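Order of writing sets the labels: A, B, C and D. Residues in every chain begin at 1.
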Amino acid sequence: MSRYSAICHIIDQIRLTRDIFHLVLNAPDIARAARPGQFCMLATAHGKGLDPLLRRPLSIHDVGPSGRLEFLYRVVGRGTDLLAQKGPGDIVCVLGPLGQGFRLGTSSSSILVGGGLGTAPLLFLARGLEPRDITIILGGRDAQEIVRLDSFEKVAEKVLVTTEDGSLGIKGLVTSALERLDISPSSHIQHPPAIFACGPWPMMKAVCNWAAIRGLAVQVSLETQMACGTGICLGCATRSSGQDRYLHVCKDGPVFFATDIDWG
Amino acid sequence: MSRYSAICHIIDQIRLTRDIFHLVLNAPDIARAARPGQFCMLATAHGKGLDPLLRRPLSIHDVGPSGRLEFLYRVVGRGTDLLAQKGPGDIVCVLGPLGQGFRLGTSSSSILVGGGLGTAPLLFLARGLEPRDITIILGGRDAQEIVRLDSFEKVAEKVLVTTEDGSLGIKGLVTSALERLDISPSSHIQHPPAIFACGPWPMMKAVCNWAAIRGLAVQVSLETQMACGTGICLGCATRSSGQDRYLHVCKDGPVFFATDIDWG
Amino acid sequence: MPAFERKDTHAMTRPEVDLAGIKLKNPVLLASGTCGYGQEINDLLDLELLGGLVVKGISLIERPGNPPPRIHETPCGLLNAIGLENVGLERFLSEKLPWLEKIDTAVIVNILGDSVEEYTQIAQRLNGVPGIEGIEVNISCPNVKAGGIAFGADPALAAEVTRRIKMVTSLPVIVKLSPNVTDITVIAKAVEEAGADALSLINTLLGMAIDIKNKRPALANVFGGLSGPAIKPIALRMVWQVARAVEIPVIGIGGISTPSDAIEFFMAGASAIQIGTATLVNPGSAAEVVTGIASFMDKEGIDDIRQIRII
Amino acid sequence: MPAFERKDTHAMTRPEVDLAGIKLKNPVLLASGTCGYGQEINDLLDLELLGGLVVKGISLIERPGNPPPRIHETPCGLLNAIGLENVGLERFLSEKLPWLEKIDTAVIVNILGDSVEEYTQIAQRLNGVPGIEGIEVNISCPNVKAGGIAFGADPALAAEVTRRIKMVTSLPVIVKLSPNVTDITVIAKAVEEAGADALSLINTLLGMAIDIKNKRPALANVFGGLSGPAIKPIALRMVWQVARAVEIPVIGIGGISTPSDAIEFFMAGASAIQIGTATLVNPGSAAEVVTGIASFMDKEGIDDIRQIRII
């Protein structure tokens, strides 16, 4: 596990919707070391400004040849807003790759479920999976929230889209798409698919419930507040399903088996 | 005296030397109200960053038709560094015009002396002077520090340059140029020139000494630390020549008659 | 002027509050020392949009203040050692108050002294003067007679000042607490018991900076008061603690520059708030906070800001 | 390994200092709680470049820490309520110390307890353990027996803890002071008199934030400790005051993230400094500070950093 503290140039920053951005950096060391599900901490303040103080965690969306490191993020507050103001040639300080990524395993098929910007890590994950019978479910509030659909279609056998307002794909939540996959709760599944989920807490909980009924293991990628992202501050605690112990999302995760987590 | 709090677009930002920048904003209200010697407070943090907290004071370098408001500044620290990173189309929050400018008077001739970036307010001053027998002395460490010479030459009958290393103009300090003007100490001057000075404290002191010997009044533009620039915090105190009283540079100045100041 | 031309600001200045008997258009005030005597800032910030202002601390005799440098910027903060420069009580009354009287906003006078007697004398003189809605007692000053210990650091001294001032005035008395203490609730309770009508907190935190180029403290006074966004977490904690320790209203102060900062203080238990350093940075801050509070209340569907207090 | 391959870091790690008997390659340490037990950060920051590190506070028994959320960002600052999560004394000795022993840097163990007895027991156990250069006593914890008042807020309690620890260990004892007090020099002097070999200051300032969307404190613990650049002016003021009040060395802590921040603390009177929050933001901060101090000393032509102290 190699981690780097790098000063990276922005190759490209594309505004995909009003508040969703696709950031492409040049970060050869990090890109080479990165595994699906890992994340980076990005400094967002400009120049020598000290505010916002902390770096912001973003999942690695993709890595490419010649050191491309990609992120997909939504502007939700001051840090992401400042990041979005930068453009090609500007510099971003990045720490990564961090944390434990997805366990890729050897399941004969995989179902990847992303809600909102929880779709970000799924592209890099899909690229890494083998054998390649991959279904990706992308959920959002509306069509605007479903971004980079063409890229996802290139890496998966099947891509299902759900939107809450029905403006694209299936109207409903990601679970509506899961139901359609026709993996019956009663059936004894011979080659159980691997399930991966990333998105808002209630969405992941719903996916876990759906999977639990079917006896399927789920890996989830969690978000918490983070200060360091490197395992030294112990700030990113989340309750483990085992009694009185906390897991630390930045070093024990961000990816966990759902059964290790206390879903509250 | 009208003051405005304006959100201004950058029309242009030109890097004149390694660390000296010429900033042109669109600020019609401020430009219209501005008088030579006044200054503005510019917010330098990007986006919603809160650091650096305080705005930075910069003298008005020039105003132009259709609301152009110009500044000439040197990058010396975090605030000016952040300002220099902005470009055309970016936004700067500006408060101005602030303070008491130069008293233009009716002297038949004027001598304007600027050291370093103290030259900034002299262009706008020279434009405002009438009648127009104007000598401008621009002093710097080296040729690099003498900026916008052509603009100064357009607004003055005579422009003298001094550099400490002799790389441009007269080798020496601005006082070397003053000596050459041949205004003899002993002579009873019938039409005393108005003297204006802006620059480092020792330079202004030297100009004042030169002028005092000749019985000439000098107006100086002072710098102090400022928090508000609007007269409410009382932070910008400078000792007055009268006993136990402080003057406030942002509202009583920044331009003062040299005799009102305690030169320490 | 004809009625249809009158500035109808009511909708813009909600929500009215009653603060220890002082009627305020809204719970947003300007903090002492950051709005001069009002007139200096009115062209950039319409004072009539605000609940009121607390004028620069007034002493019995005019004070010249500290030598420069008096201010220094720190990360998200400001150090100041103005040294309580002010025009003194009499010039305040004759030169500054007449202008303020014409403005339709509450005027609270911040007072300071080196001795209990000085505080009492000022309070007595202000009693009954038209155009003054309340007194805010700055107890962060060192008590010269008690060997320089600040009134605000000693519960007995703080209570004594409060009691004596209450005896000589019928104006609402707000006591402004210093944060440089081990347990601010002890001082708060002492002052409440002594009769204070409300509490303002916090004043600045004692800090310093060093000018490493010139190898000397950045402020001529060595120490200064730290204000601005940097201190907001400390101020909020103290407001939370004090609001749970006393019955009288608490005015929250410290690093407030946006509507959401203000709402944090109301949730912590403040009945009103003051904006200080933010006005220095952006004169329009207080007006933006007023507007922001009103739209927050609309969104939440509440008509009394105190309803959002966390219990 | 052959001599010519050995890492010759001496030139990079100047200037050596002696801190209350602890030999340090340079006066830059990592602050407790912001560097784990060292191993977690060594890949991003070569610990051998530093004077040393102070490990995460150790209690007698392992502690799980507080429920989340534990951290919250503030303007130029960080609020944390980790709740002293740590592996406990025995696991520290068996699992963490062996790795640290192999690293050529000073290891100082930060200890904490709910009672004088707990502090003493830990100190006794650490005495004579190879690989430990000193003990740093965190007296910001509430004393359970004394009704929850922090050891660091009461000079008598602080002195008592110090005295008892000194009795059971021959290791240098550094006492880490809390800034949440009216007069930090009173505590400093009490602790010095009780035999402390050095003082560390400051620990975090008590603060809070409110999550206005969810209408509750941003931290599950309600209150948290404020650290980072925001508190630097307060920390510097306290170091200045304490350095002038005691004879023992003072380690400056609070908001240091650049060489010039560190130099401010040395000018104020610190004999060494610790870097906390800055490492969380940028793991390389401490190494940059070491380099910056060395080049500052070159420029000034001095060979002892204490020479820059302002008298």
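Criterion: a contact is a pair of C-beta atoms (placed from the backbone, for glycine too) under 8 Å apart; a residue touches a chain by one contact, two chains touch by 3 or more.
As the structure is a computational prediction, the values presented were derived from the model and not from experiment.
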Between A-C and A-D, the pair with more C-beta contacts: A-D
Identity of the chain that, by mean CA position, is farthest from chain D: B
Interchain centroid distance [CA atoms averaged], chain B/chain C, Å: 36
Rounded Å distance, chain B centre to chain D centre (Cα mean): 47
Residues within chain C bordering two or more other chains: 75-77, 228-229
For chain B, residues contacting two or more additional chains: 50-52
Graph class of chain-chain contacts, one of line, ring, star, complete, other: complete
Complex contact set, residues of chain D against chain C: 74-77, 79, 153, 180-183, 205-210, 212, 215-217, 222-224, 226, 228-234, 236-237, 240, 255, 260, 263-264, 267-268, 308, 310
Residue ranges of chain C touching chain A (in the complex, touch as defined): 75-76, 229
Footprint of chain D on chain A - complex, ascending: 2-3, 5, 43, 50-55, 93, 95, 224-228, 230-239, 244-246, 251
Residues on chain A engaged by chain B in the complex (per definition of touch): 45-52, 78, 81-82, 85
Residue ranges of chain A in contact with chain C within the complex: 50-51
